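To start, I am sharing the structure in question, which I have written as structure tokens.
A, B, C and D label the chains in the order they appear, each numbered from 1.
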Amino acid sequence: MKLELRGITKRFGNFTANDHIDVIVESGQVHSLLGENGAGKSTLMNVLFGLYEATEGQILIDDKPVKFNGPGDAMAAGIGMVHQHFMLVPVFTVAENVALGNEDAGAAGILDLEKTRARIREISDRYGFGVDPDAIIEDLPVGVQQRVEIIKALVRNAKVLILDEPTAVLTPQETDELLNIMRQLRDSGTAVVFISHKLREVKAISDTITVIRRGKVVGKADPAASASELAALMVGRSVSLSLNKDKPKLGEETFKITDLSVLASSGQLLLDSVSFGISEGEILAVAGVQGNGQTELTESIMGLMDHVSGSIKLGGKELIGRTVKQIINSGVGFVPEDRSTDGVIGTFTVAENLVLNQYDKAPYARGMNMKPAVMLKNALKKITEFDVRTQGPDAEAGTLSGGNQQKVVMARELSRPLKLFIASQPTRGVDVGSIEFLHRRIVAERDSGTPVLIVSTELDEVVELADRIAVLYKGKLVGIVPGDTPRDILGLMMAGASNEEAESQSGTEGKERA
Amino acid sequence: MSHATIARTPEAAPANTAVIRSWAAPITYLVLGLVALVGFALGSPHADARFRITDGSQRISVPDLVLGTTFVGWAGTVVMLGIAAYAFVLARAGRKPARWMMPVFAAAFVISFLVWAIGSADTPNVYLSGLIAGSFTLATPLIFGSLSGVLCERAGVVNIAIEGQLLAGAFCAALVGSMTGSLFAGVLAAVVGSVLVSMVLAVFAIKYLVNQVIVGVVLNVLVAGLTSFFFSTVMVEDPEKYNSPPAFSVIHIPFLADIPIFGPIFFNQTILGYAMYLAVFVVWYALFKTRWGLRVRAVGEHPKAADTVGIKVNSLRFWNVVLAGVVAGIGGAFFTLVTSSSFNKEMTAGQGFIALAALIFGRWNPIGAFFAALLFGFTLNLSYVLTILGTPVPSQFMQMLPYAVTIFAVAGLVGKSKAPAAVGEPYVKE
Amino acid sequence: ACGAAPEASPSGSAAPSAGGSTAAGAADFTGCIVSDSGGFDDRSFNQSSYEGLLQAQKDLGIEVKKAESKAATDFAPNLNSMVKGGCDLTITVGFLLSDETKKVAAANPEKHFAIVDDNAIDAKNVKPIIYDTAQAAFLAGYLAAGMSETGKVATYGGMNIPTVSIFMDGYADGVAYYNEKKSKNVEVLGWDVAEQNGTFTGDFENQGAGKNTTLTFANEGADVIMPVAGPVGLGTMDAVKELNAGGKDVKVIWVDADGFESLASGNEFILSSVIKEMGKSVEDVVTSDVEGKFDSTPYVGTLENGGVSLAPFHDFDSKVSAELKGELDQLKADIVSGAVKVESPSSPKSN
Amino acid sequence: MSTTPDLPPAEHTDILVTPPLVPELHRHPEPGEPLLKRIINSNGMVSVLAILLSLLVGAILIAFTDERVTSTASYFFSRPSDMLNAVWISVSEAYIALFQSSIINTSAESISDAIYPLTETLTIATPLVLAGLGVALAFRVGLFNIGAQGQIILGATFAGWVGFNLDLPVGIHLVVAVVAGIVGGALWGGIAGFLKARRGAHEVIVTIMLNYIAVYLLLYLLSTPTFQREGSNNPLSDPVAEFAAYPLIFGPAFRLHYGFLVALAAVAFTWWLLNRSTTGFEMRAVGANPVAAKTAGINVGRAYLLAMLIAGGLAGLAGTAQILGTERSLSGGIAASFGFDAITVALLGRSNPIGTLFAGLLFGALRAGGVGMQANTGIPIDIVLVVQSFIVLFIAAPPLVRSIFRIGTSKPKNKKAAAPAATGGAA
């Protein structure tokens, strides 16, 4: 099957997200789309999948024009899509999610999930997914949810499979497995459209690469080209892909966690006797697949979790048992992992969001009375300093792009004297240029003598920033290793191996590969 | 390199869990147990409470149940305090209260309370079957209303307009029923009236993206205004012609209707009464066991996900709201074709809001809403019965009983209930 | 829809003045009425009073205006707009309007007012219209006790307020009097005179509650039931129809008007009614004002002046024994003469 | 300013309107839109049109049920002018009465008679605005407060008790009574807030139930000697002491009392609280995104409790407007239906204090006008409910009004209505 997009244009209001895009996707190929944040990749795929209606242009299948009135039509035409943000109903089982929209039903529409279960098991076995059809989605780790999305597409016999940033939340190992699955699919004749910001993966898997910038195709790239060439094509200027930071000047170990355990209300241990410390002027990065306790680690430091035991000391003072407000006031800066739900309030203005946890302190308030003028002045300053792209301090934060929302949170947390700085996924969804900037700010905070705790699923970022790396697996601290530990060892540790095991294992594997 | 790292690990054994002590349940049990001790055991009126199961008009005759208030009060208290103590033991050990504890405790409490209350009355003697049957009758329109709410909210549309739907149904049933003299036409008109209300809700909420709470609240006012207006201008002018609808008669199923207690509830109802049971079952079955139900729930939880698999979110929502109108319309007809013989201004008297509470209390589940409405009907009926038997409690406090019980149940036993995730959010597609 | 146009209808006379119509020979008198929050279609005292005014309009050709109150907040504006609208006599219905009537009457000494069911105003231009309903209800209680086969009779109210509980007091006292006379032990369900506490549906709207309450009464063995709850009583009628269809023998004593005449259906189960002649007394007050004989002495409806009465038995006439009829007549005479004292905490107090 | 190479050069002169740092996505205002067109397309215009449309709907109902219209309709085809005439007469009569009883009585003989209707409008608007503020405030915190009715009742009960039971010096008596009213309402609202914060009990259920309980509680109290009027056993209290009542602003000829100024002060207070105070910031944050609020150190439960306390207090003030302002003695109907109307008022006012003030005034006018219309023309006051509802529906759906009148939009579509999504999700 050959799929052709011809002259696709998509406008939102008077903003053009896709501008006369031509792409041809052939079966038996992995076709990658590269482009910076907001370039229009997802939009293009949503048009192709019938979720958005193209403003102009045509979609052709095997040279015949088709018209999709909705995803249903696209699926019927053999197109499957794994969305950047999962399209799974959290309270449904795997089987229900897979069946949805394509249900087997008996008389009077009575559901028959048996066939679906069988299909799931079959596909799961074929690709080694290990997915239980009766598991509830919200209980599953993201990696498994990812597979459920792929199963959804495969069950519908997709001839074209679109994968929009599928690797953003996977471990290196899982990523490798996914790439293997993609190869299997390609070899069985499926056309795969792959979107990723991770140039390494793109280079490894692609047969064809199309680069999009500001909604336009700027050309094709050779998978053999170097990463910095690809980056330059994407952004339109040369980008420095590595951060030059000085050696840390360690001070006192002012932040210390001892035997920290956190329980879910079900009694499950989310963190299991975790102990470590961070010195002034040091960045400790926590690596690990999502769902292994990183979120709970940061949230329990912030006083956001119930059922916490052990000790968290900052400058000798115990944090456990204090309120969130007290903890913030004792000088802890916190960038939560999900900026849109935890970090900013979408219907508040940028200016308000910039003082979200400082609103009741001087100079923003005197007594109960707030001072909007001071807030505004602060906002103008921060907007310039952090290069927040917004229509102004009065714009609602929800209208900002994800990257700019992230900058608002960073600006808020980094602009007061801190005794500890915690950032979860500090650059998630941020484009290359801004990553550079934010990383420099984090390092500057370290250099001013603040202990810094970074949590990131992005291994590149961890390696880039960390002076030391801690790895969490199923709530346990697997080990703490130096910042320059090789990636494959980290990967193995993230899968639960201790650092000694990982080193020996990666040694043998390295040899096999070589 | 094994994928087992991500798959669920069923062997996730004790090593991965620890003790959480939750004292909420034992404390609640203890407090209620002490209430029972002071009220029902120590405060026993030392009389016999007589429960009549049959009243002689049935084929089957069952002897009266006579219970000593002192005995039952103490027995109940012992059971309740026993459960409370056991709950403390479990909590200490970090274990959750056993599943049977809540229902057994609730049963002990209700039985002791009932025996105490009847025993304390001037006439310590009650017709139990009538008490229960009356509860069902009072609950029937509430149940229809709740089902309407369930149908809307499961699809992601808030339905504050249940009151308006019921009232519109009641009005249309009375008007058309009177003019045609036909029960069928009356019910049909009720359905049409209520569906019209639904459609306004659907159009404003889905097409014009107006906040659904606003539309619902306003629709209640609008329907109250319209029906009162036409009541004053049309019905009052000639009540014989416009406001004397026929009434559904009771269909008495021989033999079965004579089964003590259950007979009158299940086998001695009007068509609309039987329709209520059917509706509860059908809505439950359809929501949870059919293709349609799966889609409806998906749309209410995550409309975009539903859209990506080709489900027409807004049209499904629209038709669900309309269907909700059908169900509420039948409930509305119940007011004028079963309960009473004519329409009256604002005669639904806030029952739509009670239905709303019942559906939240019932956790958006038809069966749950059924029992929640029943609890309400039971306490309401009990308050009537107790005043009839004569109690020293002022009538105004008896009238508060069902509302107070609902608050207790919601605050003490139910706690948070989780609405469908996307309820209230319009779905907009680019 | 395509009838013929009336010949030469002079424009202007086609539209009678709004809100009321002028009958031939209109006296230059405007009689007005303000309801309480029950509204004029309450099938109770607002409606009866309004009907009395309409009757006066018909008979005397006066001009009539009405203002219905939806809530307490409407009383003042309604009353004001009546007074400003040139009403000579304004009738206000219910004790809730007492304060407002007093105020407006004081501000407009040249206008006349009458207030139904309230005796709290002592002013030259306000005539209270009240009823000693307990007297008639006493007869009804005696009748109910005499007719009950189960030895249990019942009553319930809409709300526990004096105008309602006075019926219930009289009824219960009548039963007690019967028991005393006959050494019987007929029980009254739903009202306890000593405690002044009993069964109330909580409002005057929910007919379902009336029906349910009545069914419960029947379950507990009552076979004569007196609802004192306006339209809620229609729920009792529905229940009684159902009960009789199911083979029970349950009768109703209606209140306010003669239910046998006023109800659309179910009147075959109306044993009798406790009549409160609101329509007639309102009409009388209007008539005497038109005739220039307005005074402010309270009108108290009693058995003696016929302001309250026990309605005829109609269909039950043959079933009420002559003996019982005789006793009732004697009882009525005794009450009128004062030989039997009927007293309720809610009875009108003379002031 | 070289960031926008794709703009036509002409626009560069206009660079002042483009704030710095705006990316290329920035939407430029359409140049040269004529003023008239902008007015026609504005939201204010939509509101006016919405009111007109609603009055039209009302007119249809009035005409439909008017006897003169129905009788002339029978021969419509032989002489249509009669019917049209009758329609005109019935509708214009009704609306003139509505206007004359709510704004200015143009046929009055004295100035005081002429402005009397306006003072009535303000009088009725007083409790509407106050209770509306309570509902609006709760809305902004993500709580759907259906309980204003019960809160008004409790407020009136507390204030009334102080008013007719205590004997306090001039000045102090009123203040104590008003404070008692606030406390009563706050207590009732606070129960719902407390149960929400502590037990997660759904505020919709709790407030609905508390409304009923308040009604029966009041009826019970009115049957006790403490509350019942001396020498009467009607459920009616003594009037409040003269010095416990709000003084009348324009003397005894008008009902308008100082409670109206209290309402204006409450609008200002609520506006300040929500928009300028740290507490308001917390409450709005919780309403907009409780998770983010919690992360920012805001105590969500406390915000719920506080919001319901204040909302209840505002509704309690509405109760004082009733008991210390217009009614003066306590009866079962003291709250009328203000608690329920308040929900609509708050929603129409987009949960914003100033909006609520205007919505309350509009509803006050309709209510006052409706009473007069009914008294003068016999049209049931229920028509006012119908007109009110249509106004809210039309105002909430500008695209509908625009499409009916075929006018363009001046704002991007799909702007969500004011009430926070959290509220919808809650129900």
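Here, a contact is a pair of C-beta atoms (placed from the backbone, for glycine too) under 8 Å apart; a residue touches a chain by one contact, two chains touch by 3 or more.
What you see is a predicted model, and the numbers here were worked out from it, not measured in a lab.
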Centroid comparison with chain A (C-alpha atoms), farthest chain: C
Centroid spacing, where centroids are CA-atom means, of chain A and chain C in whole angstrom: 75
Approximate Å spacing (C-alpha centroids) for the pair chain B, chain D: 31
Chain centre separation (chain A, chain B; CA means) in Å: 44
Contacts with two or more other chains, residues of chain D listed in rising order: 216, 219, 223, 380
For chain B, residues contacting two or more additional chains: 232, 394, 396, 399, 421
Set of chain A residues in contact with two or more other chains: none
Which chain pairs touch, all of them: A-B, A-D, B-C, B-D, C-D
Residue ranges of chain C in contact with chain D within the complex: 1-6, 9, 11, 14-15, 18-20, 37, 65-68, 70-74, 76-78, 81-82, 84-85, 95-96, 98-99, 107, 118, 120, 159-162, 202, 345-346, 349
Residues of chain D touching chain A in the complex: 19, 21-23, 25-27, 276-279, 281-282, 284-285, 288-289, 291-299, 412, 420
Touch list for chain A against partner chain D, complex: 13-15, 302, 304, 323-325, 327-329, 334, 336, 341-348, 352, 356-357, 359-360, 365, 368-370, 372, 383-384, 387-392
Of all residues in chain A, those that touch chain B in their complex: 12, 49, 51-53, 70-73, 75-76, 81, 83, 86-92, 96-97, 99-103, 105, 108-111, 128-132, 135, 139-141, 143-144, 152, 173-174, 176-177, 261, 263, 265-269, 272, 289, 307, 474-475, 495-496
Chain A partner contacts - residues on chain B that touch it in the complex: 1, 3-8, 12, 16-20, 22, 94, 289-295, 297-298, 301-302, 304-312, 421, 429-430
